[in-house]
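Chain lettering (A, B, C and D) follows the sequence in which the chains are written, and residue indices restart at 1 in each chain.
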Amino acid sequence: MKKVMCLNKAAGMVRDGDTISFGGNVLHRVPMAFVREIARQKKQELKIVKTAGAHDIDLLCAMDSVTSVDAGFVSYETKFGLASHYRRAVQEGRVKGNEHACYTVICALRGAQMNVPFMPVKGLVAGELLEKNDYFMVVEDPFSGNPITLVKTIVPDVAVIHVQECDQNGNARIYGPKFEDVLLSRAAKKVIITTEQVVPAGMMKRNAEYVDIPSFLVSAVVHTPRGAAPASCPGKYDIDETSLISFLGMKTKEEIEGYLSDYSSRDHSGERTALRI
Amino acid sequence: MTSSHRPVDIMTCAIANMLEDGETVFHGVSSHLPMVAMSLAKNMHAPDLVHLNIPGGVNPSSIAKASYSSAGAELLDSGEAYFPLEEVFDLSMRGRLDVAFLGGIQFDINGNVNASVIGDYHRPKLRLPGGAGSAVLIPTAKKAIIWRVKHDPRTFVEKVDFVTTRGNLWKIVTPLCVFEFKNGKLHLDTIHPTSSLEEVRANTGFELLYDTVRYTPEPTREELNMLKKVDPHDYRSIELK
Amino acid sequence: MKKVMCLNKAAGMVRDGDTISFGGNVLHRVPMAFVREIARQKKQELKIVKTAGAHDIDLLCAMDSVTSVDAGFVSYETKFGLASHYRRAVQEGRVKGNEHACYTVICALRGAQMNVPFMPVKGLVAGELLEKNDYFMVVEDPFSGNPITLVKTIVPDVAVIHVQECDQNGNARIYGPKFEDVLLSRAAKKVIITTEQVVPAGMMKRNAEYVDIPSFLVSAVVHTPRGAAPASCPGKYDIDETSLISFLGMKTKEEIEGYLSDYSSRDHSGERTALRI
Amino acid sequence: MTSSHRPVDIMTCAIANMLEDGETVFHGVSSHLPMVAMSLAKNMHAPDLVHLNIPGGVNPSSIAKASYSSAGAELLDSGEAYFPLEEVFDLSMRGRLDVAFLGGIQFDINGNVNASVIGDYHRPKLRLPGGAGSAVLIPTAKKAIIWRVKHDPRTFVEKVDFVTTRGNLWKIVTPLCVFEFKNGKLHLDTIHPTSSLEEVRANTGFELLYDTVRYTPEPTREELNMLKKVDPHDYRSIELK
């Protein structure tokens, strides 16, 4: 079974209507090349799940690829301001903003990892998030009789995770902060890895204990050098401020389509080298 | 009172002085000011403070590289151990997180916090970034500190538009003052020496509760020197720029 | 706050009646020096929690230190036979054998890690373990109406974990299989580390990402070279078959007291070197 | 029929042949025989079989050092990735564990498994080691294989003393035969060439259900050669010694 494939084919594994989750956090190690390819393929009605997102969610909202976002936080960090396309989409009723508490996204994914329908959560005890959202429920703990909040499990159809190193079988290693990516790889039905480098399996095996995502959980491996840009990729590159700021200034879908097509050849640049391995 | 100090430095030092030695303290994303305050405390009176963050670097030796992000890999690179966000949440759920720093857009006298929406939740007039960890950390951290660089009547309101979470706040630090939450109400704790009771009142949409008017301590020379060392690029004022 | 202490003092942190959990698995990386010290201190009414135990549980049952064992499996591996002292204690009604399914111990500890009163479990759907034990309950999932099994959370008062390396602050690193030890360190109220080596904090920091248990979770550090013997300690030593077989041949409490006192000076041998650090 | 092969080799090869290429397969503690069978399969017809175990070594290159334990560090040392027990359980809960190997002390025709007690659960006549993962893995693994090196009327009983778990068994492999669980009953699948229908019947405490009498294939020369390679110290027969 060949797992190494081109970006085009891997993005084709995402179906309209899928629940999808992206690795990384805010502006770090986000699988942006894949996100852009999804946008270029004009996927529709995606349900995005993430603790804290920024450019990934914002871009897909701008391209009308999204019907709902389950997240605890959606914004660029301070310096780059708010996720305006996401905001507008929610405000105009095109996207349903399902607010979580970051941790409740984590718990909902733990529910998926364990294949149980809900996860109990200690801390969510007050406020309107509880009241307005049908994915939270307060029940009685049958052991003690005390109230306990449950969050409904979320099973991503696809998780897309960008890593620094992956071998051709799908054994993937993350350097630096892993954020929720290891959990994600267990929670999702399908895992797609985009990677800075495709390394020989023998080399990966030398540090087998530090493989974060074992091959048998992985459906596809895509070689995408600079695949997190304009977000950062620890040990490889920092954010591309110029690109990010140019995007943040864009108002129309046409401008953003231009931005996406500008990235296209870079996003596909890794395919040739990967196939040689 | 008059003071030649920048409000952001007063805020940073005030926050640093809220932290005790040995405490486990967490800050999230877009949180440069508390990150600097933690670093200041750790280098002054709280060497055994445990600095926790999203990327998971326990006690990063330096925050000087964390320019645009308070959730980047730099915090892990120079840390003592890896203890990522998931685990920090679990820790707080177990009642073992001493201090959490959280944000918010609106606050009212009853300790309600809004970080979610202005207007209807399902079809908001304004969709805000979201409460991130607030809704689970404010109820579970031993001391929840909110910092907010805006202090105006749209921020400190009679009644928040939406209750992202409520209760168990400890302090709110603004460019004008510090509020303390006690007996179910926000009380004026101290006024910054750069501000005045009148200014705080004019910029607060709810009644100011206080016993005596007290002032936030001025940063000491030692604190200011240490601030220059731990935050040479003035990241603490990134939100005010 | 000095965390490095002698075995005697650390074992003194265990109180009669405590719920206690030991790291390692069956015959691997078990904190046996600590277990022996508990036995020598004649602790009473301990409630032991472990997925799969052997010599640790067997020895403490032999010394009448135990009132209950929550475990999925209690036995030496094939070659060394059954845990006869544990068996006899359960059969004679001195110890309550609360059988779990290994995974339900893990789930009960995850409940402790998350500080929730129970954990839903997918797989436990049939059989008498469900019926005979009050720590399992089948309820209706309020989201779907389908039945779901819950396991009641277990919060260990103390977890004792034997590692290869720990610094004087308590940052601990496990080489080789970690079994459930990382989870345990999060689930327990107090964590005691016994370690083959106390290494300088600066050295530990060089591989900070691989610290398995950060210092702020740790209450005590005890230097116990060969502290897992006669169980194995990966990278350090294999099982001590002679010792193990001699224990397995013992029938009376007196014989076992002799066995414990034979180990005493070895179990305390690390104290001098540790205090120099 | 007569056969010069050892029953343990027939068992090992039979089990190996139950495993398909690409399957995720788990064995636990005290499980040398299935561990060797997995290794045999992987080296014969199933190179992409995924070998999972308690210490977490995915696809250990060698099992030759795992002498007294099938849960030791050797399995991790030579593996391709770390995927420990906790995760294997989660995987099975998600329906993604293809094969699990489990033990047990008593079995009855209705697919009930006892690994817990003989006598009353709370005050047993005999406390057994416990079902380990059985109670959650048998219901969730796609194919649950039980191996048992004893085949006598006290093992295959009319009715088990205690139901540790039940249902969703796939095969039970003994020194005499292979049972298959279908339509809610244990059926005789194949008889080992070293045994006979009479011997199986005499040693089974419940009615033998079968359509035709079939025999377990004899180990091939290739299989035996490979067994010598992957298990030079004959760990597979450790339970029979």
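The rule is short, and it goes like this: a residue touches a chain if its C-beta (ideal position, glycine included) is under 8 Å from a C-beta of that chain, and two chains touch if they have at least 3 such contacts.
For each chain, UniProt lists the protein as follows: A, C = CoA transferase subunit A; B, D = CoA-transferase.
A quick note: this is a predicted structure, and the numbers were derived from the prediction, not measured.
Of the two chain pairs examined here, B-C and C-D, the one linked by more C-beta pairs in contact is C-D. Once the centre of each chain is set as its mean CA position, subunit A and subunit D turn out to be 40 Å apart. For this pair, subunit C with subunit D, the centres built from the Cα atoms lie 28 Å apart. Mean C-alpha position of subunit B lies 58 Å from that of subunit D. Residue positions of subunit D touching 2 or more other chains: 57, 76, 93. For subunit A, the set of residues that touch two or more other chains comprises 114-116, 121-122, 210. The full set of touching chain pairs reads A-B, A-C, A-D, B-C, C-D. Interface residues of subunit B, counted against subunit A in their complex, comprise 28-30, 32, 54-57, 68-73, 76-77, 84-86, 89, 92-93, 112-113, 116-117, 121-127, 129-137, 139-140, 162-167, 238-239. Residues 25-28, 51-52, 71-75, 77-80, 82-83, 86-87, 90-91, 93, 96-97, 99-104, 106, 121-129, 132, 176-180, 183, 232, 234-235, 239, 241 of subunit A are the ones touching subunit B in the complex.
Subunit C meets subunit B in the complex at residues 1, 112-116, 171, 186, 201, 204-205, 208-211, 214-216.
Subunit C meets subunit A in the complex at residues 107, 111, 114-122, 137, 139, 141-144, 146, 148, 150, 152, 210.
If you check the complex, the residues on subunit D that touch subunit A are 22, 24, 48, 50, 57-58, 76, 79-83, 87, 90-91, 93-95.
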